[in-house]
Amino acid sequence: MLGAAAALASLTALGRVDAQTKRGRGGDGTLPALPEFRRLVAANRILANEGVVDAFGHISVRDPRNPKQFVLARSRSPALVELGDLMEFGADGAPLEARGRTPYGERMIHAAVYEARPDVMSVVHHHAYAVLPFTITNTPLKPVIHTASLIGAEIPVWDSRTKFGATDMLVRTLEQGRDLAKTLGMHTCALMRGHGAVVVGGSIQAAVLTAVYMLVNASVEHEALALGKPEGLSADEIEKSATTQLSPLALDRAWEYFCQRAGVDPV
Amino acid sequence: MLGAAAALASLTALGRVDAQTKRGRGGDGTLPALPEFRRLVAANRILANEGVVDAFGHISVRDPRNPKQFVLARSRSPALVELGDLMEFGADGAPLEARGRTPYGERMIHAAVYEARPDVMSVVHHHAYAVLPFTITNTPLKPVIHTASLIGAEIPVWDSRTKFGATDMLVRTLEQGRDLAKTLGMHTCALMRGHGAVVVGGSIQAAVLTAVYMLVNASVEHEALALGKPEGLSADEIEKSATTQLSPLALDRAWEYFCQRAGVDPV
Amino acid sequence: MLGAAAALASLTALGRVDAQTKRGRGGDGTLPALPEFRRLVAANRILANEGVVDAFGHISVRDPRNPKQFVLARSRSPALVELGDLMEFGADGAPLEARGRTPYGERMIHAAVYEARPDVMSVVHHHAYAVLPFTITNTPLKPVIHTASLIGAEIPVWDSRTKFGATDMLVRTLEQGRDLAKTLGMHTCALMRGHGAVVVGGSIQAAVLTAVYMLVNASVEHEALALGKPEGLSADEIEKSATTQLSPLALDRAWEYFCQRAGVDPV
Amino acid sequence: MLGAAAALASLTALGRVDAQTKRGRGGDGTLPALPEFRRLVAANRILANEGVVDAFGHISVRDPRNPKQFVLARSRSPALVELGDLMEFGADGAPLEARGRTPYGERMIHAAVYEARPDVMSVVHHHAYAVLPFTITNTPLKPVIHTASLIGAEIPVWDSRTKFGATDMLVRTLEQGRDLAKTLGMHTCALMRGHGAVVVGGSIQAAVLTAVYMLVNASVEHEALALGKPEGLSADEIEKSATTQLSPLALDRAWEYFCQRAGVDPV
């Protein structure tokens, strides 16, 4: 996906032992290479490589240095995001120090979810092709395979039109973001009509694993509908299986695998 | 897709700072490396890499030096097109200087659209597999996801048989091209029965983005039909979302991404 | 698909100017590197790369030195076939000089088709996944897109069981091959129930192009069935379009493209 | 899937002529590089490369040095498994010498199958996406193409809930494994509701070939259902064809192909 030279440069940047102080910022304004930030870069590459995002979509992390802030790339396709692209945002979604960089138009999704959900450490917004059909029909997306149990037993659907009428479909204001966050409630995923989805996690790895298997589940459920009435996992099974999928046994194995496939060092 | 040496040579050619005069032609008859022409080469590679075209299909640009002319590759698969393959055509679709090169059999699609639509700067003709089913059935292709809003609310279908009877299915004459352009009207896309589609844009980047998400929309709409009756975007949403998708926020991000994936320098 | 060293060695072998006499055989028993034989190696790689064949399937060419013979690789997956793997077979399907090499179990398909069809210069036997569903249901495979017109208006289905009862499904005897050839008749393609297809051409390039777009057509027709009743090309359109697709305009362009994608020099 | 350096290192490890004694263990505790163990590493890579497994799934081999033991990788995604990741397990599924390595949570699948089936030399557990829909609907998976005849005429479905109620869906105890093995009986494949499948073979190569074509068959059968009622192979055809597919003619050809595609030396 990247030229050899660019890929090498990225890998070097990702793997670099950084001498910057943990709370500070690099002399050139770049964020320090904390594990969370390097992991966020890796997560961008993984989501692109696994087909969760394409030119569009994004992932953020709650700032480990200040939980009222969050960190998100500048407006750039996830496949290309590097450490220098990361920007800090305040609780209101305003960039703390833009330095001429354009932020994503939909950063308010992240601001509103971090505000509403103190338990959430990472937020993914994506338009995975396999998931989109479930946003425009009445067939509910539900866990039908154990690896996808972490998407949760119920996945609500948000429709921008209900409260905001005809828009350009983007979540542009904090008010819109809060309305979406209200629909998300305490769930792990929410669908957005004709648009995509939001996925949250207690860590970057958890959010990424959930987003990937949300896509796999959508695809399997879709195919199963051609064979008959798909039988989903029971609520009990979903809860027990989700706990297993979020344990180191499954999460660490998947993270190492996703990193290798995306050509980034596991961090 | 290309051998390493060939790819390197191409990239070098694309990135080269060209000393030729802007209005002139290279000493060897090659077109000058204007941004529009280098972008056209990149667009060929992108359309191939994103699966919009395969061995067949093409993209042209209105000549920035003379709006009555257009530039299109010689008869070669888009994945392989280089700067030296570009040819100039007059308003009637005749090559200005063939120098032994064979033009595409369907260049009249481009000639007729540029004639009918002064607002159009670039034309794509493609046979994307996901779009083809919509050319041979009665299910209308319509925007069901916001990233595809730029395909427009209505996509007419042209049937060569209506006016020209049984042909070899190609648009070979200016008369045929004009009939297709009439069906296209002021729309952005038109389908061609049992054949493919034509997509137009106010720039190469816009035409490419539209063609790519036309394919994505077709795929999502197709899959949604297995789940129920897909709900499309409203006319208002389509208009507002299309404006957003054509803004630099979305267009520049997608172009950088497509170029990197296709292994060409963004230009 | 191949390691770098192996790929390099193959490419060198393919591109080599061969000093062997046109009618002779190399000192080591290898066939001379006639264009037809180098093209046959390229065709093997192309069919694998385009997903027409996988571990199984094969392509042969009528021997340009003796039209009563044909040339086919030893029992090896097409993706891996090299010049040294090519073997000569007599009209009865027996190897002329095996030198310890195992021939394909189904070489009788080729023997029988060359016997029945003097117009045929190349035969492909494949199990393309997209085509297989049409071998086990009553939905007929028919050209619905112009690029696939060369598969022909009618594609008969052969069932090994009709004449030979329960077998291991392979065409192992000349008698079985002749029965299949009889079903094929003067058509370009025939399906084999629960097994695959046979495709013939007036040249290697024609057979390969037909096999590739047979797959594309199957996929498009399959998807169209979810949208409504797919409208096929008319018999007139099929005939005219097939002539165009077999002209140098289309055939040469596609061959160059397929070769580049498969990493072989066009020959 | 792997960086160049890592890939090179793996290939070297796979190809290495190992001076360790056949019955012994390397000085560093690593298993000796017996053909079966090197083949097991290759099988891991192949299953990942062919899409049979993703982050999850595993393959084991009965220990050639002691048929009461089996060898399986530590808890690591199959795409990344190397010789040093292989662990030995006793008949009860307990690791013989863990040395700090975490075993797969579902190793009891393997323990129970080796216990119940002395004829089995290799066991695959996978969650191939194309197979999963058949685990949650009433449509039976059955051989519809001859290359998949080796999956067997009947494929039973195991449901963890029947005997164990709501669990985390994993086969964690020997009791659960034995219940699954009982459902498997003398069949070659069994499906697991909402989870995946188990596939057995008389050799690693046979188990891999079966698992790959189980996936292909699922995909073809699924697509055929959109075209009509798919006609399966008869019981006689399945038996005869399976014998052919397991003969060196087919098995060796496929193994060489799978190895090359996965970037490992055939062993």
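First chain written, first letter: the chains are A, B, C and D, and each begins at residue 1.
Operating definition for what follows: a residue touches a chain if its C-beta (ideal position, glycine included) is under 8 Å from a C-beta of that chain, and two chains touch if they have at least 3 such contacts.
If you're wondering where the values come from, they're calculated on a predicted model, not measured in any experiment.
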| item | value |
| --- | --- |
| Set of chains adjacent to chain B and to chain D | A, C |
| Chain whose mean Cα position lies farthest from chain A | C |
| Rotation, 0 to 180 degrees and nearest 5, that superposes chain A on copy chain C via CA atoms | 180 |
| Approximate Å spacing (C-alpha centroids) for the pair chain A, chain C | 46 |
| Centre-of-Cα separation between chain C and chain B, whole angstrom | 32 |
| Residues of chain C whose C-beta touches two or more other chains | 226 |
| Topology of the chain contact graph, where touching chains are joined (line, ring, star, complete, other) | ring |
| Inter-chain touch pairs (all) | A-B, A-D, B-C, C-D |
| Footprint of chain B on chain A - complex, ascending | 1-3, 6, 54-56, 75-77, 79-80, 102, 105, 127, 129-130, 132-139, 161, 166-170, 193-196, 222, 225-226 |
| Chain A-touching residues of chain B, taken from the complex the two chains share | 144-147, 149, 216, 219-220, 223-224, 226-234, 236-237, 240-241, 243-244, 249-250, 253-254, 256-258, 260-261, 263 |
